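Structures are listed in the sections that come next.
Two complexes are shown next, each including chain A; its partner changes from chain B in the first to chain C in the second.
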Partner chain A sequence: MIGTDVLLPRRQRLWNGIGVLLVCARFQMAEIRSSWIIIAVTVFQPIVFLLITLLPSADRSAAAGTRVAVGVALSVSWAATAWGAASVLRRERAMGTLARALAGLVDARLIALGKGLGAAMLSNVWALATLAVTLIALQQPVSFAHPGALLVGYVVLIASGSAIGLLIGSVFVVTRYGAQVSAFLTFPVILLGGMLIPSNLFPPPLSWLSALISLRWLQEFLVTSAVGSPNYLALEVAVLLTVAYAVGGIWLFGRIAQKARRNGSLDLY
Partner chain B sequence: MNGAGKTTLTKVLATLLLPTTGTARIMGYDVVADTRAVRLTTSVILGGDRGLYNRISGRENLAFFGMLAGVSRRDLRSRVPDMLELVNLAEAADRRVETYSKGMRQRLHVAIGLLSRPRVLLLDEPTVGLDPLEADRLRESIDDLRGEGVSILLTSHLLLDVERLADRVVMLDRGRVTAKMPLAKFAALAGYAAVVTLTYRGTLGDVAGSLPAGAVVDRHIEDAASSTLVLKLREWSGDLFSALGRLVDDVDVEDIDVRPARLEEAFATLSDAAP
Partner chain C sequence: MAASTSTEATLAGVRRAERLWRSRQIIRFGFLQYLSANPPAIVLATIWPRLIFQTVFWVMLGYVAAGSDGATFAYVGAIATALTYGGIAGMSDVPVDDKFAGTYTRLLVGATPPTPVFFGRGVAQLTASVVEMLVCLVAAGLVTGQWRTMLALIPLLPIYVVIALSMSAAGLACASFCVGKRAEVAIYNGLTYLVILCCGALIPPGTLAALDVIGVVLPVSHGLVAVRSALDGGPWLAQVLLEVLVGLGWLALAYVLFQVQAARSRRTGSDSFS
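Our next item is the complex of A and B:
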C-alpha cells in the first residue's frame, strides 16, 4: 500500500538523491524566476556595476575588461546568493512549506541544498546573460583563454553559492531579521572577497578573513583562466572552502530542524 | 475547544513536534524513536491557505510533495492525475496555485495527503473556511477513505464533522484526554435521544401526567394564537408513540418537528460535568 523506495540499494538511493536535488532545484527556479529582487540583483545590478566601472576607465583592453567582468559577475553572484539561496529556508517558513520538508521521507537537507542550487543556478545564468549582452552593447572585448577552466570555475561558484546559502539560510530560519542580515552581509563580503579592492591591499587581519571567503579564490582562478594560466591552487582552496561551507550548512540545518521539533519554535504553519 | 491541544497533538503524531513528556505511537511505532516508520505509514493534512508553492501549478505541487513523501516517479505519473480527479481539481491542475480559491487549496492539501496512500491519515480541522458544498464534498471524500480501510484521526471543534465522520470521539482539554468513547455513546451523553417540538392550537391539559417516564417536558408555552410544547425523549418506545398520539387528539396540530439529540448538547453536558 505504501509507495516508497526506502529499501533500495545504495547506488539507487544515490541516483534518487541526485534526482531529488535536481527536482528541488527546478522547483526553486520556477518559484523565484519572477521575484523582483532576483531580477533587480541579476539584471539591473550587473548593468549598473559594468557601466560605472567600464565607462570612466581609460584602459578598455580585453585583460582589463575581463577583470572587471569577473569582479562584477562574482559580486552579483554573491548578492544573488544572499538574497536567493540563503533566503530559501526563510521563504519556505513564510509559505508554510518547511514543515512538509521536515516531515517527509526525503532528507530535508537534500531539499534545502537542492533549492539553494536552483536559486544559485538561476541567478548566475541570468547574471551571465546580462553581462554578455551589456559587454556586447559596450563593445568591450574580454578574454576566454581557457574556456574549460572558466566553466569549471563557474560550476564551483554555483556549488559554493548553494553551500553558503544552506549555511547562512539555516541561521535565517531562527531569526526574523533575515532580510536585514542579507542586506548587511552583501557588501562586506564583496569587499572582503576582493571583488572591488584587490585582496593583496588588505591589512593582515582582514587578509585572514578574506582567505576564508571562497569567492576571493574563485576570482583569482577565473581571472587567471580568462587572461593567462589558470591558478589551480586557488581553485582547490575554493573547492575546500565550498566543502567546508556545505558540511557546516548540513550540520547546522540538522541541528535547527531538530531544535524546531523539540521547541515548536518555528512558525511551521 | 480552542486551545485544547488538537493541532499540537496532530503535529506530535506527524513527527513535526517532539512530545515534552510521555509517548505516542502510531501502528505500534514510537513517534520519537521510529520517526521514519511513522512517516511511512502516516500522512498529515493541516490545510489552510499556506503550505503550498503559490507560483507553480497544483499538479507540480502535488508531484513535488509526493516525491517528499517517498512516492516513486513511476507511481507519481499514474497517481497525480488520479488524485487531481478525486479532489475535482483536474481542470485547474495546470494553473498556478496563487489563482486557487480557499476550497481549491484545501482540496489540493487533501490530494497531497492522500497521494502516498497512507494507512493512517491525520486531519486537522479539514473543513474550516470551506463553503457548505465544498465542506460536504470533502466529508464525502474522507468518508470514502474510511471505507478503504484508512484509519483517520480528525481533529475538529466542528461537531458536524465529528457527527458525519467519526466512529470514536476523544475529548481534549488543555492537552489532556478528558473522555474517549464510541460516537453513539458520546451522543447519548446529551441525556436524551431526541427532541420533539409540537406547535398547535388549543389546550393540552395535564401534559406531564399523560406522558410515560421516558419523556420530559423541556418547554411548554400556551398562547391563544399558537402554542409550543418541547419534549425531550430519553428513548423511543411504542408506549411513547401511543401517548403522544393521545396527547394531540384534542388539539389542532400545526407542526411536529422531531430531531435527534445533537453532539453540541452532549458536548455541553460533558463540559459541564468536567471539574
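Our next item is the complex of A and C:
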C-alpha cells in the first residue's frame, strides 16, 4: 500500500501526499456537482428536517432556532458524509477503476481520504446555504455569538466527516451492498448523535454509545458557541474522537484493501 | 359457422391463458429481481433496521416538539412514511434497473409492452413496502412505548394497505419520470420528501397552508386523515375513497407516461433513456 513514495525524503513524501489529497478532493467536488444525490441530501433534506422540527414546535426563540439549525446542519452533514463516502468507491467500482485505485502506486487511503474531504466540504457548504435560505424564508432568528469558534467547529466537522468516510469506504471494498449499509447508518447516528433528539432521552447504554459519536460533542460546541460561551471541552472530545476515527479508518481501510489485493478479489465486488 | 366460433373461442382462451402466464412470470421476475438486489441478509441487517431507526427518530422528534401527544401523532404518521422506501424509492428502481443493464431495447420489442412489465415487476416493491410498514409498526411501537396506539392501529391496517397502494401508484408515476432522465435519485427523493413534508404525517394539517394544498394530491394525506379520524371514533370512509381516487390518478399518470416514453423511444431510438 505504500508505493514507490517510500524511496523519497520524508518532506517530499508529505507534500506529495497533500497534493494527492487535494487533487482527489477537487475530483470528488467536480463529480458531486454533476451528481443528483447531493441535491437530495443537501437541499431537500435540510428543508424537510427544518420544517418538521420547527413548525410543530411552540418555542421559536433565537436559542431554540439555533439549537435546531445546528442539529439539522449536523444531521445533514452526517447524511452527506455517509452518501459521499458511499459514492466515492461505488463510482470507482461502476467504472471498473476500483482495482486500479487500490493497487496503484499512490496509497489508496490518500485517495479515499481526499475524496471524502471533497465530498464533506462541498456538501456542507451547500447544506449551509440551503439552511440559511430556509431560515430566512421562515423568519426564524438564530444566534452567531462567536463566529470564529463556529468556523473552528466546522473545520473539525469536515475533518471528522472525512475520517468517518474512510471507515465507511472500507465497507465498499468488501461488499456490493455498500449502498444499503451506508443508508442504514444514516438514521441511527442522527438519532443517537443527539443532534435533534437530546441524548438525555436515551436509556444509559444508548447514551454511552452517543458519547462515542463526534457529532454529539460538535453539536454541544457549536450551539454553545452560537448562543454564548463556547464549550471547548466538547470540542476537545470531538477532536479526540476524530483522531480515533482517522486512525481506525486508516488501519481498517489499509487492512481490508491489502486483503482484497492479496486474494485478487477486488473485481468480484 | 359453429366450428369457426368454437375455434375463435378456443384461441381467445389460449391467448387469455398466455397473458395470465406472462403476467405471473413478470410478477415472479419482479420478486427475483428484488431478492437479487436485496438478499434476505441485507434486508434484515440494513433495510429493516434503517426503517425502524427512521420511524423511531420521527416519533422522538414528535416527542421533543410536542410531548407525548406529539409522539403519538408522529407514530401514526411515521408508519405511513415508512412506505415511501419500497413504494417510491424501490419502485423507481424497477425501470432504472433496465436503464443500467441496457435491457430496455429488449422490452420495447418484447411480446409484452414495457408498461405492463413495469407494473407487474412493481408488485414485489409494493409487497416489500407493506412488509416494511408492518415491521416498523411493531418494532417502533415497542421501542418508543407506543404499544397502545399500535394495538389500536391493527384494525385500521386495511386503510394503511390502501395508502400503500396509492403510494406505489405514485411511485410508478415517479419511476416513469426517472425513465427519461438521469436524475432518478433526485426525482424519487424529491417525491419522498414531499410526501413526508406535506401529507400530514409529521406536521399537523393546518400548520402551513401551502403544505396542505400540495398534500391534497399526494398519497397518504387522505388515508392518514381517515386513520386519525377512525382512532377518534369519527367517520373515515370518505377520506379512504379520496385516497383511492388519488391513487388511481397517479396510476393513470404512470400508465400515460410509460406509454409516452415507450413511444418516444421507438420513434427516436433513444433506448438508453436519454
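Everything that follows uses one rule, which is that the second predicted complex is superposed on the first by the 256 of 269 C-alpha atoms of A that agree within 3 Å, B and C clash if a C-alpha of one lies under 4 Å from a C-alpha of the other, contacts with A are read in each partner's own complex, and residues count from 1 in each chain.
The criterion applied here is as follows: a contact is a pair of C-beta atoms (placed from the backbone, for glycine too) under 8 Å apart; a residue touches a chain by one contact, two chains touch by 3 or more.
Values in this document were obtained by computation on a predicted structure and should not be read as measured data.
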item	value
Chain B versus chain C as contact partner of A:37, first or second or both or neither	second
First, second, both or neither for A:208, with chain B first and chain C second	neither
Partner chain in contact with A:53 - chain B first, chain C second, else both or neither	second
Which superposed partner A:177 touches (first chain B, second chain C, both, neither)	second
Chain B versus chain C as contact partner of A:232, first or second or both or neither	neither
Partner chain in contact with A:264 - chain B first, chain C second, else both or neither	first
Touched partner set for A:197, first chain B, second chain C, both or neither	second
Contact footprint of chain A on chain C as seen in their complex	38-39, 42, 45-47, 49-50, 53-54, 56-58, 60-66, 70, 182-187, 189-190, 193, 196-197, 202-204, 207-208, 211
Complex contacts: residues of chain A adjacent to chain B	1-6, 19-20, 23, 27, 30-32, 34, 95-97, 99-106, 111, 261-262, 264, 268-269
Chain C partner contacts - residues on chain A that touch it in the complex	35-37, 39-40, 44-45, 47-48, 51-53, 55-58, 177, 180-181, 183-184, 186-188, 190-191, 196-198, 201
Residues of chain B defined as touching chain A within the complex	7-8, 11, 14-18, 36, 39-41, 44, 46, 48, 50-56, 60, 64-65, 67-73, 75, 79, 112, 116-119
